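This is the structure, below, for whatever I ask next.
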Amino acid sequence: MNAPSITTSSAQDTAVPSRFNLAAALKDAFITALIALGLSIPILSYKTEQNGSDLFLASRWRLVAIFCAIVFVLRVLEHAFLATRAARKALPDPHQATEPVHAEPSAYQKVSRFAIPMFLGVAVSFPILVYLVQGGLNESRYWVDLGILILTYVMLGWGLNIVVGLAGLLDLGYVAFYAVGAYSYALLSTTFGLSFWICLPLAGILAAFWGMILGFPVLRLRGDYLAIVTLAFGEIIRLVLINWVDLTNGGAGISSIPRASFFGLPFTAGEGGFADTFGLEFHGMHRMIFLYYLILALALLTNFVTMRLRRLPIGRAWEALREDEIACRSLGINTTNTKLTAFAIGAMFGGFAGSFFAVRQGFVSPESFNFLESAIILAIVVLGGMGSQIGVAIAAIVLVGGPEMLRNLTFLKAVFGEGFDPNEYRLLLFGMGMVAMMVWRPRGLISEREPSVILKERKAISGSLVKEGHG
Amino acid sequence: MDIFVQQLINGLTLGSIYGLIAIGYTMVFGIIGMVNFAHGDVFMLSAFIALIFFLILTTWLGISSVALALLIVLVIAMVLTSLWGWAIERIAYRPLRGSFRLAPLISAIGVSIFLSNFVQVAQGARNKPTPPMIRDVIVLFQGENGYNVALSYKQIIIMATTAVLLTIFWYLVQKTSLGRAQRACEQDRKMAALLGINVDRTISLTFVIGAALAAVAGTLYLLNYGVVSFNDGFVPGVKAFTAAVLGGIGSLPGAVLGGLIIGLIETFWSAYFSIEYKDVAAFSILAIVLIFMPSGILGRPEVEKV
Amino acid sequence: MRWQQDPILDVQHLTMRFGGLVAINDLSFKAGRGDITALIGPNGAGKTTVFNCITGFYKPTEGMLALRKPDGSQLLLERLPGFDINWKAKVARTFQNIRLFSGMTVLENLLVAQHNPLMISSGFTFLGVLGLGGYAKAERAAIERAKFWLEKTRLIDRADDPAGDLPYGDQRRLEIARAMCTDPLLLCLDEPAAGLNPRESHDLNELLLSIRKDHGTSILLIEHDMSVVMEISDHVVVLDYGTKISDGSPNEVKNDPRVIAAYLGVDDEEIAKVEAEIGA
């Protein structure tokens, strides 16, 4: 199996070439292209088409040829790039690929000084900016909607960050609490007619309650096992939502959920509506903008509470738990309660986000709460750098906003023909992106840890010292 | 009684398939301690490879013997899926080895998302039905109400193929130097490397073997159900993982045993309780097993060191 | 013979079995209040297992572990949940393979050690999140206490560094400082001098003596370094194969033929011979 290296970091297996060797690079690229050819047979080379009940095959060798050519060219370019980089740095540290944080100055301090006020400023003024840039309320609908979507994931990421980033408990079923929150609002408002502002705390409490119920049995589990059990719980909740038709209306979901109102003033055209009361001309975008600020406020609340908690004994105990559970026990920390609090508080924010989701959509169905959502939220937390609030926000923008940008790449239609829908490739690229990001920065964008208390001098803690937790 | 026997046969068939997938999980977990989340999707991919080659062989090359076609498809699917297994390890997992523990898991989830969407984009989102390849059945006995308890040829093929291939791979892992290298890497990767074992190659081969067995499972799955879709990887993957844990993760016979148990539970649950809650049962068993018997039936218990 | 008159820890008939393996067999000993008690023995004698039973990481198969508080009340450690052994019984420990929170700063490590009192002053988080109650003041006091121990262990200059960055000897001292921040009555140290150079080892002795003298904390330690054991301990208990083979002052133990035999690996017959020779 002396096959060629495919990844950059496997350059460590072979001696780093001091000069770009074209013949070797071409040979290697050729072998890589051959492997790509092998991988594309038959999935890419033949497409199964359906004609009535019969399947028949359509050849697509041209596509395979293009694919292999792209792989070949990329591989040659990679060799060229590696050679020039190797020439620049005489001997790269073989561990660079896995531990990129050691040599760099504190990314946190670099980012936090400018980025945090900037992000906050942009977030607060976003609808206005969009209005100015797009030149109208109707035109800015898409962007405000995207802003709401991203902020929802920022909030979910921050909520999960408490469980995964601070307490080090790997939760792959976080979407369950999102679902609990959404269904709580949906059911409470449609059956009892409760308003959003009453349902919001109730949804949070219910989600926290579920966080404890699901957290209790998994207290002893660690690492991957914890992840898989939480995944199982998430799926069980989703399947129950599908099958318990009497309560949840099954896969059809719950529709006509009361929409958000401006503290009692409905966003309607008639008298007594929001626009009427404030003397504005009625516009559907008012509600969108209100929803935008609502999720921004909820996300900032999550952030504020998390930052506060980090400086309280409970937050330090979470982080200590992530570092060493046994030492925690020897210091008199009740690890059971500490873990359950992390699950409960993380779940509570998931529940808040869920009820926001329900009030925004006006419709909930189990399909919105599948495993992929959990995976996306976890990917946001890990990519952001576990425990880093600003990192999570950046990761949410990249992971949620990035694929969304694909929709706008209409020029690709000109390249690939009319039938080409870039949106189809959204999740495909998302999956590739997850792998690429992990290979590039396994510890996330901002891996430094910010101390929660200082005596004299603030120093960021290198990510390589911070543990990822046992559970 | 008649339904019971029929479900027993169906359950063992299904269990064989789960067992084959479970081996991939158990071997990879044993050697590098990660849950290869993408393994279920590798299985799904292999079912597509098998489907396409089956079509090529029967419709284009006109091979009329189903048995011969199946054999060729099996071999091709094993080879091509192995290449996928190897490439996935090389691209997505090897660069992360020895790094942050969560990174390979996230990477594996990424691969899983990639694979299912790759197949969706390349082959379309619809279910792909094949005409039943083998219809013949042996009627074992006739029960009450004229209910025939039958053992179909395809079930015989599935169980026999599983048994034969398991024996071969069992021999490979237990008796050859590859198996020894594998077990050495399980114990202590650094020490194994110091003793001259090519750790990278051993791990690659583990992925290759896992993928090859997943390809067997994929081909047999296609044979059994006659239909496959791009999102058929996730749930069988989770069930097979449950099987691996139930049998004791790291143990090959455990994986097969776990697979059979899960297969039986699933069919009996569907037959006697509720088919809607079939997957709920599977996930519940997973949670219960992980919580209450994380070392499984044939696994070694882990002792917490202070 | 303080350990007979006023024991802080009274271990009686302690037995710990793992499956078929008997790690500790019917062990009884006492540790005196204000004493430095050393638990010694060859590798695999069961010393760390005794520690793990005392500090709640293992539930003993049989036996009683009584901790006597200064007010005369008595707590049975084997009945307390693990974390309460530190919080209620005031027993703190360090670990053979250092267990610091390596990604947290030195100061944070010492604040985590004061978790329980700080939890109360933050109103179990509820008041703390709202910024109510006396949490800020309590945290300042906690930092003062941490500073005191940092001065004492000469780590004050490294207070804002991550614990994982400290050199080995500093990490050992930090672990002791962290344990002391829980304000223990009994401090259990698992091989505190392991891996230290002679100078560091000497400093450690000073630190332990001053902990005992200034804070009235009793110390129970496992140690292989005989210079530490002989120099600072008041009372030595020797274990071999899970049973006690000797118990007394350092000098008594040093001359006990069974101890010599255990360490040098002598047959039982020879022990009898040696005993006969010295008339024991």
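Order of writing sets the chain letters: A, B and C. Residues in each chain are counted from 1.
Criterion: a contact is a pair of C-beta atoms (placed from the backbone, for glycine too) under 8 Å apart; a residue touches a chain by one contact, two chains touch by 3 or more.
To keep track of the chains, here are their UniProt names: A = High-affinity branched-chain amino acid ABC transporter permease LivM; B = Branched-chain amino acid ABC transporter permease LivH; C = ABC transporter ATP-binding protein.
It should be emphasised that the depicted structure is a prediction, and the values quoted were computed from it without experimental measurement.
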Chain pair with the greatest number of C-beta contact pairs: A-B
Per-chain Cα centre nearest the global Cα centre, belonging to chain: A
Where subunit A and subunit B are represented by their mean Cα positions, the distance between them in whole Å: 29
Chain centre separation in whole Å, for subunit C relative to subunit A (CA means): 45
Subunit B and subunit C, separation of their C-alpha mean positions in angstrom: 50
Subunit C: positions in contact with at least two other chains: 57, 95
Multi-chain contact residues (two or more partners), subunit A: 326
Residues within subunit B bordering two or more other chains: 306
Touch list for subunit C against partner subunit A, complex: 55-57, 81-87, 92-93, 95, 99-105, 107-108, 111-116, 118-119, 122, 125, 128-129, 131, 135, 139, 143, 147, 159-162, 164-165, 178-179, 182
Subunit A to subunit B touching residues, read off their complex: 1, 3, 5-10, 13, 35, 38-39, 41-44, 46-50, 53-57, 97-99, 170, 217-218, 220-221, 223-225, 227-229, 231-233, 235-236, 239-240, 243, 326, 371-372, 375, 378-379, 382-383, 386, 424-425, 427-428, 430-435, 438-439, 442-443, 468
Residues of subunit A defined as touching subunit C within the complex: 305, 308-309, 312-314, 316-317, 319-320, 322-324, 326-335, 341, 449, 451-459, 461-462, 465-467
Touching residues on subunit B, where the partner in the complex is subunit A: 29, 33-35, 45, 48-49, 51-53, 55-56, 59-60, 80, 83-84, 86-87, 90-92, 94-96, 98-107, 109-115, 117-124, 126, 128-131, 200-201, 204-205, 234, 238, 241, 245, 276-277, 279-280, 283-284, 286-287, 290-291, 294, 304, 306
